[in-house]
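Just so it is clear, A, B, C, D and E label the chains in written order, and each chain counts residues from 1 on its own.
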Amino acid sequence: MRNALGTAVVFVVLLLAWEALHLVVANSSLPSPGTTLVQLVALFGDPDFWKHASQTSQAFAVAVVLSTAGGIALGVLLGMNRVAGTVAEPILVNLYSLPKVTLYPVVLLIFGLGISARIAFGIMHGLIPLTLFTMNAILQMKPVYRRSAAVMGLTPWQTSLTVVLPAILPEVITGARLGVSLCLLGVLIGEMFASRNGLGYMVMHAMERGDMPTVLAVALLLAIVALLLNAVLLMLDRAWRH
Amino acid sequence: MTVVALAEVASVMPADDHHARLAGVTRVFGRPGSPNCVHALGPIDLDLRRGEFFSVVGPSGCGKSTLLDVLAGLAKPTEGTAEFEGRPIDGVPAGVGVVFQEDASFPWLTVADNVAFGLRRAGVDAAEVTRRVDYAVGFMGLKAFAGAYPAQLSGGMRQRVCIARTLVMQPRLILLDEPFGALDQQTRLLMGDELLRLWRETSATVLLITHALDEAAMLSDRVGVMSARPGVFIDVLETGWDVDRDSRIVSHPRFGDLTGHLWEKLRAESLKHMREN
Amino acid sequence: MTVVALAEVASVMPADDHHARLAGVTRVFGRPGSPNCVHALGPIDLDLRRGEFFSVVGPSGCGKSTLLDVLAGLAKPTEGTAEFEGRPIDGVPAGVGVVFQEDASFPWLTVADNVAFGLRRAGVDAAEVTRRVDYAVGFMGLKAFAGAYPAQLSGGMRQRVCIARTLVMQPRLILLDEPFGALDQQTRLLMGDELLRLWRETSATVLLITHALDEAAMLSDRVGVMSARPGVFIDVLETGWDVDRDSRIVSHPRFGDLTGHLWEKLRAESLKHMREN
Amino acid sequence: DEISVTQWGTSMYGAPYAVAMAEGLFKKAGVDITSIIGSGGGGTTVRNLLASETPYGDVAIAAALAAQRQGLDVIIVNTGTRSTAEASLVTMPDSPIKSLKDLEGKKVAITSPKGVSEMLLLMALKAEGVDASKVERVASGGYVNGLTMLEQGAVAAAALIEPLSIMRAAKYRTVANYGKILPPMTTSVGITTRAFAQKNPDKLKAIIAGRAAGVEALYADPAKAAEIVGKAFKLEPAIAKVAVDNMLGPRMWSTGGFDLTEMDRTVDGLRLIGEVTGPVDWTKLVDSSYLPASIQGKK
Amino acid sequence: MTREGWIRLLVIAAAVGALEIACRTGWIPMTVVLPPSAMATSLWDILVSGTHWNDILVSLRSVVAAAVIAVVLGFLVGAVIHAAPVVRGAVEPLLASYYAVPTFMFYPVFIILFGVGPGAIIAIAVLLAIVSMISATLVGLDRIPTVLGKTARIMRLGPVERALEISLPAAMPYLFTGIKLSVAYAFIGVIASEFILSGAGMGYAIAYAYNNFNNREMYGLMLLIVLVVTVVNTALDTVDRRLQARLRR
């Protein structure tokens, strides 16, 4: 609770710094927090905004579910098999640090214009961190857990479900925190680059028209959504770690 | 030497009396001949008598945990045979419980759930699970912590959770791999007393791996001293303690004698080892 | 009781003979009266005689490391006075060397550079640094590893690096905080012998904190037994060993007696503690 | 069906589509256009239309040429816009720059190298007899970015386009209005894939006819059209009104017929920026057979 | 090379080979993906003809600048936050959700602050990269064993000596992990901003080739980026592994 308060204070400080910057720069391209908030409220009254927001949420939701399930499954697979894990790790790390936007044309060429391209792009961003975290969690899991399972006569399937998964869950949640953020980023970048709807498109469009209040209002909204998502995952994490 | 009550005995015992038996067991890691091939253990001949308390001491890396793995069915001997209750060991045999060197309590479960874990997996019915868990938790002095999570407990209490978890399965052979390794002397003393009580009440056979010579001297019926890797038994010592013993025996003169004797064995082995290198 | 050579002595000694002295030292963490205020240690009265080998044993958390911090000048006593060589301890005094409980070797330096680190800081000239480092590295049996990094060494070898690093500074008082905590019995034995040799050759005063009662019995001139927190000395035991001793004394009957005696003390303290709670 | 229109919502290219959709003119012509796929312009629009189910789109002529050059099987089936009146070059009100001549030795912000804004600048300089090599072109990445550079004094003038220029009319002074300097030229064309044209000639014809009807409706009742466009593009009514009115004079929107002179003018411009090097063979690219009969004959 | 290294090479070769075959047999249309061999020859042509050297230099310069700024600034910010636990508790939740906000949105703001061109792009890249350096610094400073601090006091080191000769080398393995990540994110930030927003650099060149249907050049440039990232990554990874090896105890 004290932390939440502190975070709120930091948020306020950031807003103040923003206001100060706005006053110093004195340029319409950097609207004040007040203007931005007003714009945000105005957006909430705009059905078009909700259309875009729901487009983004749909793509994001599908991408998150698929990249989480896929990332954990792939991570478990690679983690359980030491050789596969060692072989795959540098490749995954390399893919992770690749500027994936440049691959977006390929994604478009393969998936076309619709929602699937954005989902694919979200997954490209969100899957790898989760895979890496899951895999490393299993590799670093205390071997004694698996030995205990063996002594209690558990089948491999029982072992995975009742011992391995609970044991690595904290790391998986940490990975998910990063994965979820990056997944959202991927979807938004996809929308920014080639799309006809979604918040990313909306921002890009607003940028082309020099409508900075809208740009910053959406950025602010996204920051808040990301923070809340993160807070939920953190709470899950706490509940699990005891 | 002033040791009177000590008697070195051959480890071969009458067949009807033995509970588990290793004969000519060795264990080699890696392909033989390959550069990273490690001869970790043996050859080992060992007969565990039914109901005895047997301790194994030996230098680090001599193969104690490997020996335990073979008895627990977690590893196959490279050569030789392993038997438990007359049948060859193939996979983890029913009736064997293991407490590992590291803390193996599951941090995502409460103490009670930890203890119940194996029983539930084994399909024991709920009422029976509750009964046995209550008993084991009480026996290990964890009643007040049944709902707590391992992170809230001290190292010694967590190790007790692991012992309780093994205990509820009512094993006839309990294998303990340096279960008190991380604890301080005072806690070890208390844990030792509890272990003795457990052993007496369940009349199970106990094999305890430890690096503390005095602990081995205090707790066991017999102490097996292993050489450096590849570990073989260089001595098996009969302590001659009563079944009804507890930590009070530290004031018995024989305790000091036994400890001194074990230290001497260890020292001789160390010197031999140093000279060889 | 069969203990003959034991004599319990008062810890107050003639002033001219003492090297370091603690009088009425306590240490309290946190503001007094606040809920997280911890009375960690004391009151402690201790006189270390010049050139003696003094061991401290006691349950975990009783304040042993805190006691060492006070002697090393790393922590100020809350009450009481601490003196080293007749002057009050204020900050780390020159002439005191410490080997900590945890591995304190610098992972980014080679063994030789680790050992040389303190000397170079102190502005000792290069030739002298080389000479002393070579000697210390050789003395600790690390000659073959002078160019290796700590990560390439075993825990015992790293602890030896730390001892060598302390040794080259030629301290007059060496404080060791469970330096062999992570090692197996056999290695401890060898390290103990080396420590005795070091002590004899440098004629420094040594204070060794350990949790192994037999180790304390084997190495020391005197053993101080501490109570549970807040730790006070409940007993100080004179062992009566020769200066020219080594691990051979484990076969001396008095070794067993001393060990048994220490165990008894510990057991009595444990029971008292249990009854209080 | 969905079709693509370049810079939908940011420029006036798409006005006829907005009108045709709102007035139900597409339906009347026999096709149901439900929405428009917009995009940043250039090749993206072509990529988008290739990826969509109804591959018809209104795209910049340069993009159409580039697509054909790279071997994509596209054909031009109608003309879209034929004026550069929406584009201009602006500077700060207090700037000493009064004409294009004054730009010599100065920096000018364009959006991106080889883009329309650069092409128009070069064409205008050429038309005014200014040495283009003395005018340094700076890529800003977008019109708004260019304005920011202008305000900060990083450049002496910046390219701008409607309706942005109308929304910010008060802040800047127009140096050159390309529509006044340059003769009419084809700026956007309707394209589709040859395969789609062969398979769905009727649908294609209906789209083109619907759009042509939209253009006619636009010229017939500009006030109403401005209202529709304002709604579709989220513009304030007043701005939409000015934007539409500005385009009436130069008759920006073509009903679809081809005028090779106007098209060649654009190609000349593309040569200036190096986008086109060889000759352009219109016969291979243009297929006028899908135009409504009335327009086809007119020429 | 290790056995795993060979397997990895084999896996990559197999993947590339499979793509080559899939393209050559027309299973994947050439208009969608080029066969790797064609990408390679295209890359060769690009490098030999020199048409894109300027773009390559612009991008690399921005990446280097962004990485350096992010590392230095990130370290300083991390050190300050570490020294103030109150601030830290408040800031840490923000750090974790940081990546969800596409920093590209702030481009117009950065143009006002830094002008059009490399300045604004570097700022975006720094914004993206700095967080991992801050986190790594926090972790690194956290992980310095307290016993090393005590040792420094026993050796009677001054505060500066202590920071430079104990704290810094002790935290180095963790700091380097941050450096590695910062470089990766600087790459992502620079190339992505160029791709979406700018008029120069490798990212722009790819977007331009895409817009002009020049698949050959586009794939050649993509291959270039993949190769550069791989080389840089492998180099940093080698150093990283060495440093990490010190920690393995």
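We take it that a contact is a pair of C-beta atoms (placed from the backbone, for glycine too) under 8 Å apart; a residue touches a chain by one contact, two chains touch by 3 or more.
It should be emphasised that the depicted structure is a prediction, and the values quoted were computed from it without experimental measurement.
**Q** Identify the chains in contact with chain C as well as chain D, in label order.
**A** Both-contact set = E.
**Q** With chain centres defined as mean CA positions, report which chain is farthest from chain C.
**A** D
**Q** Going by the contact definition up top, give me the pair of chains with the most C-beta pairs touching.
**A** A-E
**Q** Where the centre means the average of the CA atoms, what chain is farthest from chain B?
**A** If we average the C-alpha coordinates per chain, D ends up farthest from chain B.
**Q** Approximately how many whole Å separate the CA-defined centres of chain A and chain C?
**A** A distance of 52 Å separates the two centres.
**Q** In whole angstrom, how far does the Cα centroid of chain A sit from the Cα centroid of chain E?
**A** 18
**Q** Mind checking the centre-to-centre distance between chain D and chain E? Centres are C-alpha means, answer in whole Å.
**A** About 39 Å separates the centre of chain D from that of chain E.
**Q** Could you please state the distance in Å, as a whole number, between where the Cα atoms of chain B are centred and where those of chain C are centred?
**A** Centre separation, chain B to chain C: 32 Å.
**Q** Out of chain E, which residues touch more than one other chain, so two or more?
**A** Residues 31, 107-108, 111-112, 210 of chain E each touch two or more of the other chains.
**Q** Find every residue in chain A that makes contact with two or more other chains and list them.
**A** 27, 29, 105, 109, 204, 207, 210
**Q** Could you list each pair of chains that touch one another?
**A** Here the touching pairs of chains are A-B, A-D, A-E, B-C, C-E, D-E.
**Q** How about chain B: which of its residues touch chain C in the complex?
**A** Result: residues 1-2, 57, 59-61, 183-187, 189-190, 211-214, 228, 247-248, 250-253, 255-260, 263-264, 266-267, 269-270, 273-274 of chain B touch chain C.
**Q** Using the touch definition up top, name the residues of chain C that touch chain E in the complex.
**A** 72, 74, 92, 96-98, 100-104, 106-108, 117-118, 121, 149-151, 155
**Q** Can you name the residues of chain A that touch chain B in the complex?
**A** 142, 144-145, 147-148, 150-154, 158, 162-163, 166-167, 169, 240-242
**Q** Which of the residues in chain D come into contact with chain A in the complex?
**A** It is residues 9-10, 35-40, 44, 47-48, 51-52, 142-144, 147-148, 151, 164, 167-168, 234 of chain D that touch chain A.
**Q** Sort out for me which residues of chain A touch chain E in the complex.
**A** 2-3, 6-7, 9-11, 25, 27, 29-30, 83, 86-88, 90-91, 93-94, 96-106, 109-110, 177-178, 180-182, 184-185, 188-189, 192-193, 200, 203-204, 207, 210, 212, 215-216, 218-219, 222-223, 225-227, 229-231, 234
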